[in-house]
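Listed below are the structures to be examined.
Paired with chain B in one complex and with chain C in the other, chain A is shared by the two complexes that follow.
Entry: the complex of A and B
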């Protein structure tokens, strides 16, 4: 490995003036502190996790057996686990589509000449800095039988819509999506806004003078130039959606029944309430594989689009 | 299109309406937090005889004082460590084209994909064996390592776009490599450091899963865990719970309002990184 190092103490390379401008390579040991922390906290535990996924360890007993793929084959017979994978994907896709749709509309709205634009930017982004577990508890009350959402519906004469929003297995999942979108639409907005503001006004005005309609202007000029912002936003929201834990834990705890259990909530329950550590880690491995596939797929599709657009 | 027209006014009205919808949950939060427990009127009706009693009750019962101190301590120390080690590592990673450099960079970037659930369960055993369960230092250690990939990613991307002439000049002038980093490279990294600081601080402050694992059953808490424990204890006493929620978000909102421009630019800054 040392043969690869291009580190030479400064001042001793005068005998090899290969290039006219000397390039100084920083010392390799600068990476050591970060690498050690990363290895100890992320790399080694993750590798150990992958190993435990093939065992029946309960998290305490030092005697445990390697059981091959049984945790994974058990998963295929475990209706709750399959449901959780489905919920995870559904939540991630729904959040990605709705949050970015709303975020983009908000960005277009505050990127206009309206007088309240600066105030609205600060207001709409504010939920994104609040602790997710706190916003989730707030919404658990708002969506409850006697909560503010029902009061509001009653106040505008929609009494028949009043219900226990989180208690209905068909609705609860969508309420989780609603809470996440409320919290992070402003985050998407801020990233879209940075993209919009990097578009030179002249391009836009030239098109307007040429008589191009607003929709066409958006599709042909704004959308291609917005490609980097779209890439970042889609990556952030879909990966955040797949890993979602806090909001589910606080809003429904995975219930009613298992109607809103995601991979993350099952990992927690299996490890810490059921003591099925090996199985829980196997679920985490499945989560990792899903994140890796989605990231790789999304990265290749979007970077191709970005190239095509530029 | 540079004039304020009727259509701009219509858009202004629409956007204000959207703003009210977004702010509505926070209105209810404040409204119920200042309400007497005896007042059972509709949660959307403004409270007529407000009280601050819920706040003193929540503060006493939820142990929020200690939790706030722990959260500040964990956030400040771990973010400082992660920024320092990541900036230092990013310097050779961005500048060297040697195989060890590219290999290490890819290895660290692997951490962007690994979900923290995979590492945090086995690490739970290590933390327990080290006797650090229930100690906030286990969290500092965890975040300092967990946030390395993302922070290094930001720094390397930013550094690669910077010219290296200043560093070369400083080295030729005889500055040591550590001095070159400290006095030449680090000042140039200031814009991306603001971004990394904001994103890491928010991520660490708001994290719930890790302290839930590592601190549960101990008297040491961070704000999110203290809030969750409080909600579990006072299940339906929502006036008290809302007061606790409000206390927990006031420091965050105060910092946000004071530094709004840097914070919003920080979040948007990931775009250029």
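Entry: the complex of A and C
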């Protein structure tokens, strides 16, 4: 009912600024349906959920007590929880850096004029359309003691490089990062590629005439003009990294021991294997707060950069 | 102006409808599942066997229809708790014996979710060790139909090919492991990437070392007279490590899944596996021509002292608010009847809990059957622990021991700490 007011076909904006129609301000109550929907589908259930973080509910017994902040103070004494927070942040940062680094390099590669670029784009993006749980089980087999990775290393004479990839607590966390990056680097690539393709060719040509090198071109042209793509990619990967569950659960189950437990796997275990729903919800509240702080902080820094760059 | 007013009306209406939909959603109760006298609802984790039992039950009771769902244990435990607390649980459901997991007898009967089955004829006939875990505060809530044991399961062909014989004592076991490893086929497959598997070898050793030395150990643990740290549990842990050092298991057990360990044992890449009797069916699935024999895992040098861990598997309980209580009880009576029990256990590869059921047991389980008959079994240790955290601490702790992140003493101390927290 209101959708047609401000929509302009993207291609035409530059050529038709003067014919812009009179701006219509919709009345405030147009927001009501969306607001109500959001309130009853998201806000109210979430608030009711948060309430349980302050109880000792076991997920079953209707008799439970409100215990104030005890779940939160318990967390500070819970070595597993603190370790999980550390793993979560480590995984999120590692994924964000590596996935976007590789994604950007891939985007620069397939943005060139090489012949197979369309084929490569499809190929590199393909893993991103598979369900994460499927890729994780696939890699669990590949990384097994007798899996393809070790067989391959053996076949090329690198026997000493063979490892118990998922069974070694020093390696397992990095294998999770590897699997996530393998799957989603192509996804980052596509977003970077869209950004790259919106950079007008003329700017490169002008720079070439001025005699700039490739590095300088990247730093002074590509980087600032790619800022919106960088923002969205970093946001997506850091939030995805902090919330990571499926891949961890399928690859290692948080093990060996607790070596790869993240906040999300701990939330699941505390609720569903230990029946400590109150504590588990308290962990979930903490996770939400971490995600909110990190993404708000990141967004404000990046959008400042974006403005500075443009 | 006209369009504005119209739009206002539409948005207001939408809002009201939405609000109404939301508020009625909270106590909506689907009363349309047939509810009458001929439909029974059931939720189960016994994939692969419950289907046959239901078929037989429906055939024995013409006109009766069983609507059922099956799922894995993790998912089931999450789902059943939500259903019970929201009043939407099925009439009959899987319930685990004893305590220590979110779907166990004590946990579900304490808030009153299960129907008291004490007046059922089988309730009095259950052997004492099963009564202990089927009852809560003296009342029976769980129809336990099958029993499982843990021991060393050998691949007979692989054993013959290696020229070795199954060890009869602890000393022989260590020699056997060394010899088997030297031949390139390790003695036992160990798939502890799935952390529940870590406990099996420990339970097999603890049955003899802990409970052979002191049958009353659990009672002492409960009364605070004993601890894990300061008991034969230390010896059991030590023996687990001795086995690892003697090369009893294949390389990289922490990277090996339960599934992969089955393949190793079934195809003769190891001579056997330390597992529950349910593994025999799974091994035969991977190697239909294979023959597999289960024996007690030696933990001392005196075979007369050997005990085997053997415990009731998950049974069935009746929802206290069952829509169709009569039919639910009829179903419970069926699975506890000689006919139902025989069918269920043959499909699962387990042994019946009541001696009256004439189940044909897999020949590979002869030794377990004898141990059960001679009362030389100990329940799975976790079934009487006060909370689920003790077992989970042990499971992840054992993974940490295998990856040198913790010592057995650390793990036992943590288990003591969790045990003391109580229910």
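One rule holds for everything that comes next: the second predicted complex is superposed on the first by the 269 of 310 C-alpha atoms of A that agree within 3 Å, B and C clash if a C-alpha of one lies under 4 Å from a C-alpha of the other, contacts with A are read in each partner's own complex, and residues count from 1 in each chain.
Keep this in mind: a contact is a pair of C-beta atoms (placed from the backbone, for glycine too) under 8 Å apart; a residue touches a chain by one contact, two chains touch by 3 or more.
A quick note: this is a predicted structure, and the numbers were derived from the prediction, not measured.
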Does chain B (first) or chain C (second) touch A:37, or do both, or does neither?
both
May I ask you to decide whether A:273 touches chain B, chain C, both, or neither, giving the answer as first, second, both or neither?
second
For A:59 in the superposed arrangement: first (chain B), second (chain C), both or neither?
both
Quick one: is A:27 in contact with chain B, with chain C, with both, or with neither? Answer first, second, both or neither.
both
Now for A:134: first (chain B), second (chain C), both, or neither, which partner does it touch?
first
Taking the superposition on A as described, I'd like to know which of chain B and chain C A:160 touches: first, second, both or neither.
neither
By residue count, is chain A touched more by chain B or by chain C?
B
Under the contact rule defined above, give the chain A residues that sit at the interface with chain B and also at the interface with chain C.
1, 27, 30, 32-33, 37, 40-41, 59, 146, 271-272
Where on chain C does chain A make contact in their complex?
4, 7-8, 10-12, 14-15, 18-19, 22, 74, 77-78, 81-82, 84-85, 101-102, 107-108, 110-111, 113, 193-195, 250-257, 260, 387-389, 392, 396-397, 399-400, 402-403, 405-406
Chain B touches which residues of chain A in the complex?
1, 4-6, 10-11, 21-28, 30-35, 37-38, 40-43, 45-46, 48-50, 52, 59, 106, 109-110, 112-117, 119-135, 137-139, 141-142, 146-148, 151-152, 154-155, 182, 186-187, 190-191, 193-195, 204-205, 208, 228-229, 232, 242-243, 245-246, 249-250, 264, 267-268, 271-272, 277, 280-281, 284-285, 287-288, 291-292, 295
Give every residue of chain A touching chain C within the complex, in rising order.
1, 27, 29-30, 32-33, 36-37, 40-41, 44, 59-63, 140, 143-146, 164-169, 252-259, 269, 271-275
So, in the complex, the side of chain B touching chain A is made of residues 1-4, 8, 11-12, 14-16, 18-19, 22-25, 28-29, 32, 42-44, 81, 84-86, 88-89, 91-93, 95-96, 98-101, 104, 107-108, 110-126, 141-142, 144-146, 148-149, 152, 164, 167-168, 171-172, 174, 177, 180-181, 202, 205-206, 208-209, 213, 223-224, 227-228, 231, 238, 241-242, 245, 248-249, 252-253, 256-257, 260, 263-264, 267-271
